[in-house]
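Down below are the structures I want you to see.
In what follows, chain A forms one complex with chain B and a second complex with chain C.
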Partner chain A sequence: MGAESDVLLKVEDLRVTFGIEKTVITAVDGISFDVRRGQILGVVGESGSGKSVTGQSILRILPKSATIQHGSIRLFVDDPKPGDPIEITRLAPNSRQMERLRGGRIAMIFQEPMASFSPVHTIGNQIIEAILLHRRMSKAQARQAAISLLERVGIANPGRRVDQYAFELSGGMRQRAMIAIALAGQPDLLIADEPTTALDVTIQAQILTLLKTIQAETGMAIIFITHDLGVIAQLADEIVVMYLGKIVERGTKYEIFDHPKHPYTVNLLDAVVRHENRGQRLATIPGKIPSPYERPAGCAFHTRCTRKINGVCDQALPPTAHFSATHTADCVLYVDEANADA
Partner chain B sequence: MLRMTVTRFITMLITLLLVSVIVFFLVSLPPGDFAESVALSRTIQGERVTEEDVALIRIRLGLDRPLGERYLYWMENIITEGDFGMSFRYMTPVTDVIGDRMGLTALLVVVTLLFTYAIAIPVGVFSAIYQYSLADYIITFLGYIGLAVPNFLMALVLLYFSVTTLDVSGVGGLFSPEYQDAPWSLGRLIDLIGHLWVPAVVLGLSATAGGIRVMRATMLDELNRLYVTAARARGVPSRRLIWKYPVRIALNPIVSTIGWNLRDIASGAPIVAIVLNLPDIGPVFLQSLLDQDMFLAGTLVLYLSFLTIVGTFVSDVLLAWLDPRIRYGVVK
Partner chain C sequence: MPETLLAVRNLKKYFPVRTGWLQPAEYVRAVDDVSFTIRRGETLGLVGESGSGKTTVGRTILRAIAPTAGEIVITLSGEDSIDLAPLTRRDIRPLRQHMQMIFQDPYASLSPRMTVRDIIAEPLVAGKLASGDEIDRRVRDIAERCRLNVEHLRRFPHAFSGGQRQRIGIARALISNPSFVVCDEPVSALDVSIQAEILNLLEDLQQERGLTYLFIAHDLSVVEHISDRVAVMYLGQIVELAPTQQIFAVPHHPYTEALLSSVPEPDPHIEMQPIPLKGEIPNPVKPPSGCYFHPRCPYVQDKCRAEPPLLREYQPGHFAACHFADELQLVGRYTPPEAAADSPH
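Up next, the complex of A and B:
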């Protein structure tokens, strides 16, 4: 791990639940991770793994039915005071301070670029809104800034596009415009929640290249949430793998792709379409993700795990095994590494 | 936008013309005619009325000619001279009988509509934002009462309470006695506004209740849309966010039903006017139908339809102005 001062965002023991009283679903179950400045962190998991809820928790835009039960999300930025992090979980979701963080410090882009825009406002209107919320300038200046943002995200003819509606743009262009909005407040962190999932493969690649270019230019950090390991491979520096609300494995991109440890990660990687596997049947993970209402005891993955040890995996939570300073996995198979660490 | 407005305007004129045909034939549908109703009232008063007398009245009023011819004659005069024909009963031009009253009815309908939206939109938004709160339940409950109570009953209840409990006289009518027949002045206008709220509340009750339900339901839909989350995620303060995005879009169904609301209000207006004794077209309308005073009744029905059709035109144009998807023809 890098020096502590590199850390931009520190999530510790975060637990988020949905619903009330008897029908409580734990969407995120005590996860911890760091995002360092200028880093791209990939968060991988199937639907229902809690990856999007994690992103929404950081921005405090969770649905009404969700509650942050405990844990902390700290943002290390130099204002209001240097060295004094902002504890996001302590801010009220509608507080002035939280509103300033949204878009200003932490921006977010979503899976459906079409639905992310108001259908009755021009995209320019929404970009200018974001600029005026976070920067001091006149409306005319903001309009100029909006046009140059559109140009920067690779939209041709930005002077005309700025006055168009989302339904007049193509899917790829909409996502580019969404990225322009995200950049409007010059954030330190961008949360990208499956931003390429709804796009064609060629457009997907263009958007990924764009994100990477912008990341390099601005030095902002990105949390890239996806179910697609292929996308992560192109982008991320470090990866966390989530399953049913828990982080089961984490490591650098090379550690995860070259030396996956957790059976779930191994299965996920086997399921990626690769050139070397041409002509073979694509591997799948047996079974399906359990209903969040019936969370399995012990290791949540034991119901689908091919290397399950009866009487162990379905009883107790697996220990965390450390393979390097950056690489850990929560699996009983590596109990020796776990003990060595302890 | 301009082209659409013009097309809609032409459609409106055609609709009005068609409506006038239907109106004219509808009004002449009931058996008998004005001549017979005159004969009947004279007989009741003890006069002897012969067949020849009735025939004479018919010829004098032009009632002996075929229906189609009478319609064309009526239309021609309306278009060329703005003459809506004579009222048989009053023996004066229809416009003289109801000219003033038409203005009051239009005013009442428009004020009612404004009142309806002034209450329904904010209350519906509030109800959606605080869904399942105590206030939301109370609003919902009152809304159902508002929907269920017929407005003439509401008018009677209001009349009763204003006289017995509030001790306010003159809730019925639109003017205090001193302004009853006075010429228009600022004082008379203020007096009118002081009286107008009662029929506006009564008439607007069910439309308001309905509007609250519609606004609440669409708001609940819109509040969960991604564009709302996205706006929140870029730091838009919540109050501004709600009014700029979901409310703006939830207004669509409200705006597109202006025409229907206007129709409901216009058709409810005569009954309420009779109950509250308003000097608008209501009482005259009822009497003209009883008398089979063709041109008067026809003009009044035409007028009520005109209000509705114009309302629909206004709502179409407003909708296109509000929603670029409709303006650009992406959504029809």
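Up next, the complex of A and C:
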């Protein structure tokens, strides 16, 4: 996993629940992962996997009905004091410190950029505001910085665009402008939640290339949340696969795509439409994702798993098997590997 | 060669836009002189980006909206050809049972107060095609075939997941036994594993019922999987049309090449190298001179600015609208089928 000093964000045993009409639903169920500086971590999962809730927990922008039940989210930055991580779960969502982190150390981009712009302020003013919030400079300097940010994210005529409103921009341009706002605070970590899902493929390709370039230039880390396995194969360094609020497998993108271990990961990769299986039936995953009200006991995937062992998988949580320093899967099929590590 | 089910000729759909008080009306050329045919039992994929006009083509063909000009000739088996373009709403009504549509989200346009049973039954009821017990029997049959739980037919749509909703949409589209179905982005809102289930279902139903599909989507991998032939639209026009393997292996239009290069492969060993296109899709009210694609084309030459290219046949069944389709050696997603066959075993 690299040196410990590389770790920018450490999530440990995070559990997030939603209270809906007197029922408590577990959206994220005790997950742990690290994000290293300069890394692009892909978080893959289908609807209900908890991938977006994970991103929202880090920024503390969860809906009101959600509660972080336990766990820790630590950000390792030399600010305010060197060497002392910030425990994000201890901050109040609307505290001054959290507001400084948000858009400062940690920024976020979403699927629908329109929702994150104010309709009554120009793009430029919103970027300038973000810059002034997190950096010390004059308004004129901030305007110049805003223009160069727009240029940096590939917006033509930035000097003119800076005075336009979000509704005047096309979908692709808006997504670029949102990235410009996200970069305004020079974040260490960018959380990207399905930022290209609503875009056309040529625009998506441009945005992915842009994110890669900016990541390489600035060295910031990115958590990229998506259901699109093509996008994740192209962009991520490491991948965590989520199912029903659990991380079932993690590894480098090569480990995940070339040697998937967890039956869910195997099934998911098989279901992807590929050139090679044109003219054939697509593989599917048996059964349905269980309702969040009826979480299965034991391994969350056992209700759909073709390799389920009765009396084992439906009883106890699966052990974590280690295949390499970076590759793990939570599945009883690999109990020998899991024991070897222990 | 199987017979033609649908022949679309010089189809145009212009939407008027007001530019100002007392200004003459201008027109968005959403569909700008499009011609193609679909054979019985075939799936024609229609791809293009937002604003390409692909959805308008689908809606116009089914006469959900009236065309500005052109012919839409449908030949149902054992019957005479009918041009749908000039028909009135009333004339079209008896034909609706033969042509149906599957939407991205079938509920966006439906009353949340209707039960699933009523939603599925609607084409039968609206077309007065069945009554009483027969409706219930047919609803149950098609719901079962689409692998819906018939116990749930009295529920309301909001209680269903995305995949279940799409099954309801398919059941509704097929209950009247149509010959022709327009599928407009039927799987783009679905998770990977659900998407695979729905694609399998659409293919099975096509085989069982001899359905003909116009499959509209922006996801090129999905279109490649399901289509026999593919048409690529740009700014209201078809720029290329060819058998699926042909177009993916040896594209003849620079726009198709750019689209294919932008597909993120679900394989970390194949690095995406997108061909950057200059600018964005132009305003369809004022399309560029000559070839509509010329302001963004990496291979643009003077002729492209002056002369609109015709959709010409370069290989049997492979059409492209590019002045330089013969000269350009465009790169596809895969090795051409014949080149692969020539390679030593």
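Simple rule for what comes next: the second predicted complex is superposed on the first by the 339 of 342 C-alpha atoms of A that agree within 3 Å, B and C clash if a C-alpha of one lies under 4 Å from a C-alpha of the other, contacts with A are read in each partner's own complex, and residues count from 1 in each chain.
One rule holds in what follows: contacts are C-beta pairs under 8 Å (C-beta built on N, C-alpha and C of every residue); 3 or more make two chains touch, one makes a residue touch a chain.
All of these numbers come straight from a predicted model, not from anything done at the bench.
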Clash-or-fit label for the pair chain B, chain C on chain A: fit
Contacts of A:177 with chain B and chain C, given as first, second, both or neither: neither
Which superposed partner A:153 touches (first chain B, second chain C, both, neither): neither
When both partners are placed on the shared chain, which of chain B and chain C touches more of chain A: C
Partner chain(s) touched by A:102 [first = chain B, second = chain C, both, neither]: first
Which of chain B and chain C A:115 touches, first, second, both or neither: first
Which of chain B and chain C A:268 touches, first, second, both or neither: second
Chain B and chain C, minimum CA distance [Å, superposed model]: 10
Chain B partner contacts - residues on chain A that touch it in the complex: 59, 61, 63, 94, 96, 99-104, 107-108, 110, 112, 115-121, 126, 129-130, 133-134, 165, 167-168, 178, 181-182, 184-185
Residues on chain B engaged by chain A in the complex (per definition of touch): 224-227, 229-238, 244-245, 248-249, 322-325, 328, 330
Footprint of chain C on chain A - complex, ascending: 46-47, 156, 170-173, 200-206, 208-209, 227-231, 233-234, 253-254, 257-258, 267-269, 271-275, 277-278, 281-285, 288-289
Residues of chain C that touch chain A when the two form their complex: 49-50, 161-163, 191-197, 199-200, 203, 218-222, 224-225, 244-245, 248, 258-259, 261-269, 271-272, 274, 276-277, 279-280, 333-334
